[in-house]
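Listed next: structures, encoded as structure tokens.
The same chain A turns up in both complexes below, where it pairs with chain B and then with chain C.
Presenting the complex of A and B:
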């Protein structure tokens, strides 16, 4: 079990056992804290209680009874894997119909899966499992914490839509074309699916026409986030200012054009989000941080790079519970030996919901 | 006082810092030596003034206002109008799982960043009628775009290079002929493909169209009674029958053209336009009598389709006007008037073009389409009369034109340009239609999809001239008359005060094959600058 890897260092111990730590306030004082702007600041205190962050700042008044710990390292928010198939044995898809809006990726998740440990060890504390984009209305995503208790954070995040023809096309019944897929989608009235009005949608697209169709069909009142397929450069101008997921190429597979695309998407104001799932197969959990580090180097914008695997990723799936060290968020925190966008940084400890679920050998 | 130098330096700085503003002025004038106004008339020494995207003034003379653009010897035309184009029409835009997709808007899925638009603009085409593919009986709603000036969503594209939508419901496309049946087949044991359906023949295609019209009429009654839900396809068909949306019929063969005339009478269409019309010259008298216009397809479209190996620019330029160089007799009216005859080059015309030795030869084929090699020892000279296949009339024996340079075969099949039913296309089609009194425009079809611009709209017009079309008609058929057949004559197709400022400045007479566009202006903005 994941919970078996309790922290032994930092005597008297980091908040390791929930029962004992109930109601207690912990004041974590790491060497540095990664702030929402991506910078690492010194002299910060992070207050946590019952798995939540009470506050963060330099001049916080410590409540009476708060236990203070100095931590050696950089404390960063746990990463959010914005689109993932980890923790599932079979892909969450149902090919027998074109429309499967009631499908829940939640039902494909195995909480006892070995993947979760690996994710924890890569600093990924929450994972967004998506139904496969093989259906025009593909079903609901699920948000799962990679460790701790009460791990199903949301059983319905956003309704996944897909207008990626290579996935929704069907040689027996159609559609054969993007035009046909758009026609089926626009007739289906996605806005009327219960839950869509509150939770919004996540649209898989590979074409500007598909983006316009989703906007046209859903109107302004429904939250839309995007998942970019194909060549995002060919339609990126349509996504200015929007939050959009981008699959990570395999190790060493960033092509010059791919890098230039990433740069131009960032320049156009697209809020890029990374995840471990990709059309050509799952990436390693460690690739998530690598992609953000690449983006940071390429764009010179560590804020956006950090957000791509934390706050923007949380926004992508529609939650404000995770993705930043901020008041009221879940205490999903990772202690690094250096800034997490520094490739040499190593993990020292992982806290999920305020509980230490992993610590590395060198942290002693 | 001391502010003045500061201000002037500031102004200097501003103007030096914004070259784009200088390139795309709000008001600009063009001094041209010749103006082809689009109606067929040519004016000498004209100053055209453009303001806020419209033509604001046309004055005679050579007096250039300050800042006017003046190029020596330049000819101006309206931006060309491609009245039948497949620019950016691809698999994404055609839904093949049904035969009737009348409600589909091409505009909804067209890629406005497609490179074809940029190529068309650089060849002087500023407005294009984009027609849905001919693979469905009802292909959906056509669109009209300006080929430049749109907002680009491609992050690697030049700003302003994308096309811009003018009309997203320009016409309802109906297709006749074998294209609709392509891929369809009869049922096998388990239907496992949407292609297992009718039509599989030309007759089936007409059945499909006819039954859709009857269904639409039944739907109209049921809708009146409130007993059916809204049906996008039928609503579009009914709107077309009421004359609210123009009808475009894609017909290549003579019998398809005649079928279109019959369908129009049967369902009382308010009017329609024939598209491509490869063999429309055979029904030219009927079309003239019924006052049905034709947008003629190209004599050939792309290098890839017309010929297996693409020739060089010079070779294709040569091909664009071959009679001027070596086949003068093709100008003769007698040749053109011979309806049904296929232009055939005599054996081995040798010419010198730009130092290249080029000749055509007519390749003889036997009755099964196999090239005849008289030097082949296995080839037996047969008595012609005995051996000719009685099913093939003599004049339809396959002959091929082969373009060779230095004895090496470079291009084959230039004479028979297009695939499938379009392969009988002839560059004499516009001349034949005009002669018969049919209202006619020239379309480029896939011409601009190819990187070799030598098949573009202006070259189609030049070829039509070479095959007997009067020069003024060649210009109007790609400008004002093309605009009329697309229903956009109020905005484009001629150089008149109040019309959109779409202009092309050519290095010489636009119908000369050596002329090229120096400046292309769309809505008053310079989009192509080859000065």
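Presenting the complex of A and C:
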């Protein structure tokens, strides 16, 4: 009943009438709030104004005029799909050249695509679209908010690099070996690409020598995040303490080696991040939450598992605006019937930028 | 909803706010009893006879140690919750479940305190995967699987390192909470051979429990499914015909024996008559018109022909064993055609049958329930975006069919519980889903009392969870493997 009241109150605040809610402060008081450490805490209040979170805590003073809403459920940050091809009809790629640093994945995005609704209904509120890792300098990633229609949040996230020979190699024109690819990469001087110094890079790798080359070439001043391909068991130790993405295994692909690798990477301090894109085909939007739940069960670390699709994923793409319920962040929130890592939990409502864009039929 | 027991310390069910299974208080009834009496009463309430078979299975697993696990709570059969829980294991088997610690033992060396391992969370039985993805293909040396090939014969010997790759897979399965699996072949032959239920040894190797199962693959879709269903029916019809032909043979053989006797008598008479007629010798061969070149003697009796023996048919014999109740049967029914034939076969031959997959079988749910045919559904279908599983589950349960959940012959690993939890989100009762992963498959596979429930005499393979229930991955999850 309380939830329904809240949703009905929010329903008029959908984009067409958004202006009316500007300046209003909403004080959301759900049963529990998923904190940045992944745990669910009771008695929390989340203050929202103009699509931003003003504060979170148990002893917040409600500003005068704030509207208080008690919510039945667990309020969690929207999931971040850290590397995705959703919302595009054709992959962002340019195969005619080895280096395409100015390519923007955003140019391949269709903001009217039906994928945005599907992603939203799976609790995914932020989607990082990456150019295909087919070029050594592959171009810029893009961050899009899901919902009824996509909304661009950043048209240039990180510069994607690729030293995955199976993707950048070309037996006719080269490079035909990893050594050749590394040489081309080091000559290219990625650090001088406008925007790289501020936004950092995202390096696709499948080999330890590629990791060392990227580090050597970019130095310590450039922010680097990693995308692991191939067999991370053979080189993952190089990424100790760093944020690295890995594809979600497909059906029947949770091999003992894969499971053990995930466990050991986590134990070594690699901050693992999941995304729905995979060379063998896109995963279902629901697979993102499944991967996190699986990681939690496997590692016994629900905090890291939750971060793999929220805060660490946001860090992976280079933003602190999404991925957690914290002061100053976007109010991209999902109200669940239980903790989002509980697969029996159902979505009751999704807020993007503080506006309810989706609510489940049974929430009324 | 979990039931409240009248006799022991239980709660009315998992408290959603109690995410880490904080110990619940002992029931008021027991608080009024003297402590030893209450402890005894609780022990009596949860104890049952230890089956000899289980002890034998434990011995097969190679478990040796005796110890007690103290947890915040444990889930007992019938939806009861015991809190706090002391689960004592002896050689891999649960020897005692109580709210109190086991007493110290007196030995010649003095008093020996029980070895107690304290853990935080709730204990529950490990999962029984009635349709495992543990790969057994190729373990027969690459030979083409024959209808009589037995998985039990292909299992590795119970020594460490006997099969490191298989042990790694078993270890991954156990860490995912699985304690028992059904192992069968996954090839496309109609008669796949003989599968078997296995537990896992102390060396992470599967060991067979119980008898073989006759495995059929009712795979395919469209017209291929119709053909496969007809082939299945024909296989059983042929087996019956085989038996009939053998019965005829027996009759013919009896008649042949009689005829032979009569022939010997009449031939003796014939020889006597030949002697009386003054012909020389009593040798039948000498009198043979063929050898002597003389005209055929019409009075000579004819020797009866021995009836031809029926051909040997191993596959048919196995089906006949199933018809005679000596083998239980599993049929993978990927279409309603196969489900229909399976029901027909049970009606005709009274088979002890479990249906796997049972696609489109909801239309036959009442018949399945009437004949006690259990169904194993494939959880991996949800990974492919198939959201009809929950509806099928509910339809079968509504009709009273026993439903188990399995990996669909795939390696789902730790996703098994996650996918099962999604069925709850899709509207299936949480307790129903839990039973479909534990007690129901245990019953369907003939493991009652050994697996699928925490009770005295059952396997000590357990899971420990810290969330609201085992599906909840927001809390701690571990599997306990007996030592």
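Keep this in mind: the second predicted complex is superposed on the first by the 342 of 364 C-alpha atoms of A that agree within 3 Å, B and C clash if a C-alpha of one lies under 4 Å from a C-alpha of the other, contacts with A are read in each partner's own complex, and residues count from 1 in each chain.
By definition in this document, contacts are C-beta pairs under 8 Å (C-beta built on N, C-alpha and C of every residue); 3 or more make two chains touch, one makes a residue touch a chain.
Note that the structure is a prediction, hence the values are computed from the model and not measured.
With the C-alpha superposition on chain A as described, chain C and chain B fit side by side in the combined arrangement.
Residue contacts after overlaying the shared chain place A:142 against neither chain B nor chain C. Legend: residue contacts after superposition of the two complexes on their common chain; A:237 is shown touching chain B, with no touch to chain C. Once the two complexes are laid over each other on the shared chain, residue contacts for A:54 go to neither chain B nor chain C. When the two complexes are overlaid on their common chain A, residue A:357 makes contact with neither chain B nor chain C.
Of the two partner chains, chain B is the only one that A:265 touches; chain C does not reach it. In the overlay built on the shared chain, the residue A:178 is in contact with chain B alone; chain C does not reach it.
Look at A:209: by the touch rule set out above, it reaches chain B but stays clear of chain C. Once the two complexes are overlaid on the shared chain, A:222 sits clear of chain B and of chain C alike.
The least CA distance from chain B to chain C in the superposed model is 13 Å.
On chain A, the surface touched by chain B in one complex and the surface touched by chain C in the other have residues 260 in common.
Residues of chain A touching chain C in their complex: 38, 40, 251-257, 259-260, 284, 286-287, 290, 292-294, 296-298, 300, 302, 305-306, 338-346.
Residues of chain B touching chain A in their complex: 91-98, 101, 103-104, 106, 108-113, 140, 151-156, 191-194, 232. Taken in their complex, chain C has these residues touching chain A: 16, 19, 133, 168-169, 171-172, 175-176, 380, 383-385, 410-415, 417-422, 424-425, 430, 467-469, 471-478. Here chain A touches chain B in the complex through residues 165, 170-180, 182-183, 207-209, 212-213, 232-238, 260-261, 264-265, 268, going by the rule given at the top.
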